[in-house]
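Two complexes, one shared chain (chain A), two partners (chain B, chain C).
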Partner chain A sequence: MAGNAKQLKGNTRWALGLNATLVYVFFYAPIALLILFSFSDDPLVGRWGGFTLDWYRAFGENEEVQSALGVSIRVAIMSTVVSVVLGTMAALALERYRFRGNKFFDALLYLPVIIPDVTMAVMMLLFFTIARNAASTIFGVDVSKGVWSVTVSHIAFSISFVSIVVRARIAGMSEKLEEAAQDLYASRWQAFRYVTLPLILPGIIGGGLLALTLSLDDVVITQFVAGPGSTTLPVYVFGLIRRGVSPLINAVSVVMLAASVLLVLLSLVAQRARGGDVT
Partner chain B sequence: MTAVATPKFEAANERKKSRRGFFLALPAYVYLSLFFALPLLSVVVYSFAKRTSTGGVALEEWNIDSYTKLGEPIVRDILLRSFTLAIITTVICLVLAYPFSYFLATRKASTRNIMLVFVMIPFWSNFLVRNYAWRVLLGNDGPVSRVTEGVGLGETTILFTPTAIVLGLVYGFLPFMILPLYAAVERMDWSLIEASRDLGATGMQTFRKITFPLSLPGVIAGSILVFIPSLGAYVTPQILGGGKKTMLGSYIVTQFLTARNWPVGAAVSTVLMVVMLGATMLYFRKGGRTL
Partner chain C sequence: MGEEMHDQAGGPMTAAVDIQGVTKRFGDVVAVDNVDLEIADGEFFAMLGPSGCGKTTTLRMIAGLEFPTEGSLKIFGEEVGTLPPNLRPVNTVFQNYALFPHMNVLDNVSFGLRMQGKDKRESAHAAQEMLELVQLGGMAKRKPDQLSGGQQQRVALARALVNKPKVLLLDEPLGALDLKLRQDMQNELKSLQRELGVSFVFVTHDQEEALTMSDRIAVMHDGKLLQVGTAEELYDQPVNRFVADFIGQTNLIDATVFDADMIVLANGTKIRAPNPYPAGDKVAMSLRPESISIGHVDEVPEEFRATSLTGTVSDVIYLGHSHVYTVNVDWMPLEVRTNATPTSIKHEPGSEVAIWWDRRSDWVVPDEGHGA
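And then the complex of A and B:
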C-alpha cells in the first residue's frame, strides 16, 4: 500500500480542483469585469454600451487627477529610497549580528506590518498634531501637514516590509562567502560592496518595489496625514467613490490596478532571481 | 600570522561585532522609535485624557471615562458587530483556503509556483480598487443583478448590507489566509500521513488526528492575519457597507475627524491594538513562525 501521500484520489482530487478553480474565478472575475467596463461607452457603470477610450482620455485631461498622481509618485519615490536604505541596514543587523536590544528591535520592526491601517492612521494624525503644537509654542514656527508628513508616515510602514524581504534573502545566503572575501584581504567595505551587496540585491530590489506599491496604494493612513495640496491619487479616488460610482473612476481604478500588479510582478521576479526562494 | 583564538580575543571580537550590529540597526531604530513607537504611545496616553467642552484635550485630568464609554449600548453594538463580522470573515476564508492550500501543496513544483504567483498578485495589489470592483458589480444595474434577474431571483440588494461587507473583506483578505496556510501544509511531514493511511486510518481520521494538527500553526497565522485587519476595516465598510451600520474602523475615524472626541477614539484604537498584540503573542507562543 506504499503510495505517495501527495497523490490525491479520484473524488478528493476532483473536489479540491473545483474549489481551487472557484477561488481563482472569485479572485479574477471582478477585476476582469472592472477592466471590461472601463472601456464601455455607457454613462452607467456596470453596463456594456460599446467600446470607447473616452474614460481614459478623461483621466488624462482631468487636472485634479493628474496633480494627485504627481503627489503620489513623488511620495512613493522619496519613501521608497529612504525605507530601502534603512530597511536593508536593519535586515543586515538582525540577520548577521547579535546586539543589545535586538529582540526588542525585531518586535518593533514587525509591528507596522500587523497593526490595522486605521490605528496607524490615528497614531500619525495625533503625532503630527502634537508635533505641530509643540513646534509653534516652543519655536514659534508653523509646521502644518503636507507632502512631508505623508512621506514620513509611508517610510514608517515601508521599512518593515523592505527588511522582511531583504532578511529572507540574507537568510538564504552563506556567511562563508563574506568570510572568504575578508580572508583574501578584502576590507569590510569591499567585502560588502563586491560580495554581500550583489548577492542580496534581488532582495533589495524586490523590497523596494514592494515599498513603492504599498506607498502608491495606501489610502487610510494618507487620508489622515495629508494636508491641503498633498492629496494622493488613492485618497482622491476614495473621495470620489464615496460620492458615487462613475465610469471615470473605473478607468482610474484600472490604471492604478495595472500599476500595482506590474510592480508586484516585477518584485516577485526580482526576489526569485538567481535561485532565491522567497515565500 | 593568524591570531590565536583565546577566550579574551573571542570576547573582544564579540563585543566589536555586537557594536557593529547596533550601529547598523540604529537609523531604523531611531526612525521607528520617533515615528512609530512615539505616536503609538501618544494614542495610549490620549485614551486616558479628558475631553474639554471645546473638543480639545486636557492631559492633566487623566481618567478612564473613555473606557467606561465602551460599555454604552451604542459603542457596545459597534464592537459586537465588528467582532461578529470579523469572525464570520475569518471562518469563510479558512473554509475556502484550507482545501485550496492542500490542493496547492500537492501540485508539482512548476505548477505550484505559477498558482502561487496568482495568489500573490491580489495579496499585494490595490485594496481600494479591488473593493470598488465589487461596488460596480453589485450596483443596481450591475452584472450580478442582471444575472439574478435573469434566473428569476429579482434584483440583487446586498450592496450596503453586512453581507456585502463580509464579501468585500473575504475578497480582500483571502490571500492572507492562503499564503501562511500553504506554507504550513507544504512544510509538514507528509510521511506521517502515509503512515496513518498504511495503518488503516480513514481519510477523515487522518485529517483530524494528523493533517489538521500539523497544519495548525498555519491555521492560526492565517486566522490572525485575516481577523486583525477585518476587525479594524475602514475602507470596505465605507465602500460596500455605505457607512450606514458603523463598524469599529469608521467609529474611530468619526471620533477623530467629525465628533472631535479624541480620547474615545484613542481608547477604541488602544483596545484594537491590545487585541492585535494578544493575537500575535498567542501565535508566537504556539511556536509558529511563518510569514
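And then the complex of A and C:
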C-alpha cells in the first residue's frame, strides 16, 4: 500500500497537491487577512491604509475593551477551576463507582454537550429569573444577573466537557493500579494522590484548557445571562459589529486568536507530560 | 484438612491465614461458598481450580480488596474481615503485575515503604537491595514499559517483597510468561520462598505448576473448596470424581459398593476395592493409567486376579518412553500407560488383552461432583 502511495501517477499527485493547497488557502487566508488588516491604517475595514499599531494601542487604552477583557478572564478562570473540580469528581464517580442510576446520570452528563447553545441560554435565563424571584420573595434580597450568573452558566456547560475528557483518561487506566497502591499500604487518599491523579492529570489539564477556551469564546449563552458590568470580550466585539465595524475588532480578534492558539499549545504540552512521582 | 497444625515443638501454632465459613456473593453469583481453610506460616500454598471457581476472589478477600459476605477471616490470629488492604500485613503480586506506569522501577519498588512513612533514602536503599535480589539491580531507572514481561514480573515481586509481608499473595503470576521463562521463574519463586520463609499463597489453574511447587494445594470448584492436601494426597486419595479427574489423568469407572472390600462394575464384574461406603452406594473407581499393567489374557498373576479385567486394544500411541493404550473393556474405554523398554511387548490394536493392577492403587470416590 505504502509503495502504491509513493508511485501515484503524476497528475493524481498534482491534483492532490492542488486540493491540499486550496484547503489551506481556504482555512488560512481569512486568518492572514484578519492579521494583516489589524495593522491597516484606514478606519474602513478591508482597505489597506499603510502600516500602523494604532488599533492595538486602542485595544490597550480603550476602557470598555479593558473591562470586557477583565470580565472574560475572571469568568474564565473561576468557571474553569470550579468545573475542573466538579467535572473530575463526576468523572471519577461515574467511572469508578457502580451505583443505582449510574446509566441515567451518565446520559445526563452528556446533555449539555448536545443541547443547542440557544436552548441552553434560554434555560439558564429562565433559571436565573426564577432564582431571582424566589430570592426576593423568600429572603427579600435582590440578586440581579451579573458576573456571577455568567460564571455559573459557564460552569454548567463546562462540567460536561471536562468530565468527558477526564473520563476517557480514567477509562484507559486500570482499576488494578489503585488496588495495587492500596495493597502497598496507601490509604484511599494516597492512592488517589500518588497513582490516580498523576495518571489522569493530562486529562484534567486538557479538560481545563478546553473549559477555559469554551468560556473565553462563548457569546450566545453569555449574552442571555449577562447583566450590567458583566460584558465579556466576545460579547463586546459582537456589540461593536452591530454599531459598525472598525479595525479595532480585527485587533481584538487577533489577540483572542493568539490566546486560543497559546492555550491549545499548552494543552498539547500538558498531554505529553506523564505526571509526577511520589515526592 | 481437619487436623490442627503444629510447630516443630509440637505445640499448636497460629495459622498465617485462617478462613472459617467464608462466603462471598456478588448479587446472585456465589463466588466463594462456605470455605474453611488454614494456611500455615512459611507454607507454599497453591489454590488450584478451573476458571471462575473463586480463586481470585478468595485471594482478594485475604488481601482486603474484597470483603466476605459471611464468615471469619484471620491473619495471624487477628480478625481482618473488613480491614482495608493498607492495614493488612500482606502484599499481592497481581495477575498482570499492575506496575505504576508513571514511576520508574525504583519508585515502584519503594512505593510500599514510602506509604508506610519510611524515609526516602532508606526506602530507596531497601528497594535497590530487593532489586539486586531479583537480579534487576541495573534497571532501577527504567520505566515499566521499557522492561520485558519476565522483568516486569520480577519488579512486581520485588515491589511486594520489599515490604516484608507476612503473607505474599500471587495471582497467576506466571500466566503471561512463555514456557521456558515460566519454568525458570517457578524455580526462582520456590527458592525465594524458602529463603524468606514467608507464606506464599499462589493461585494457578496449571495443575503441574501447583503440584511441583507447593507444600499443600487447595482444589476449588464452583466456589467450593473440595480438598486440601499435599500433591501425593490429592493424587492418590482424591475425595471425589472432580478432584480425581482434575489432578492428573485417570480412568473413572462407575460401580456399586458390594461390601467394604468389593465393588461391582457395570458389567457385573466384582473388583477388589477397599472402601468406606455402605453396600449398594453408587461410587466411581479411579484408576491411574500408569498403575495398570497389560498382558495376554492368560498372563494375569495370581495375586491380581481380583483386580483385573479383560478387553480389546483399540488404539496404541508410542511416546518414546511409554505406550499409551486404549483398551475397550466391553462397556467403556480405559487408558493404560506402560513403560516402553526394548524388551516390552507392544500389543497391536485388535488384540485381546488382560489388564490388572495392585489393589492399593485403585481408589473409590463417591459418585458426586461430576464435572471438569
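For this structure, a couple of remarks:
Just so it is clear, the second predicted complex is superposed on the first by the 248 of 279 C-alpha atoms of A that agree within 3 Å, B and C clash if a C-alpha of one lies under 4 Å from a C-alpha of the other, contacts with A are read in each partner's own complex, and residues count from 1 in each chain.
Everything that follows uses one rule, which is that a contact is a pair of C-beta atoms (placed from the backbone, for glycine too) under 8 Å apart; a residue touches a chain by one contact, two chains touch by 3 or more.
All figures in this text were calculated on a predicted structure; none of them were measured in a lab.
In the superposition on chain A, A:Ala134 makes contact with neither chain B nor chain C. Legend: residue contacts after superposition of the two complexes on their common chain; A:Tyr185 is shown touching chain C, with no touch to chain B.
In the superposition on chain A, contact is made by A:Tyr24 with chain B only, not with chain C. Of the two partner chains placed by the overlay, only chain B lies in contact with A:Ala15; chain C stays clear of it.
In the superposition on chain A, A:Pro198 contacts chain C only, with no contact to chain B. Overlap of the chain B and chain C contact sets on chain A: empty, with no shared residue.
Listed in rising order, the residues of chain A touching chain B in the complex are 1-8, 12, 15-17, 19-20, 23-24, 26-28, 30-31, 33-34, 37, 44-47, 85-87, 89-90, 92-94, 96-102, 105, 108-112, 114-119, 121-127, 130, 152-153, 155-156, 159, 163, 210, 213, 216-217, 219-220, 224, 234, 237-238, 241-242, 245, 249-250, 253-254, 256-257, 260-261, 264-265, 267-268, 279.
Partner chain C is touched in their complex by these residues of chain A: 174, 176-177, 179-188, 190, 194-195, 198-199, 274-278. Interface residues of chain B, counted against chain A in their complex, comprise 17-22, 24-25, 27-29, 31-33, 35-40, 42-43, 46, 96-97, 99-100, 102-106, 115, 117-122, 124-130, 132-137, 139, 141-143, 171, 174, 178-179, 183, 190-191, 193-194, 197-198, 203, 224-225, 228-229, 231-235, 238-239, 243, 248-249, 252-253, 256, 262, 265-266, 269, 272-273, 276, 280, 290-291. Residue ranges of chain C in contact with chain A, taken from their complex: 63-65, 84-86, 90-92, 94, 96, 98-104, 107, 111-112, 114-116, 159-160, 163.
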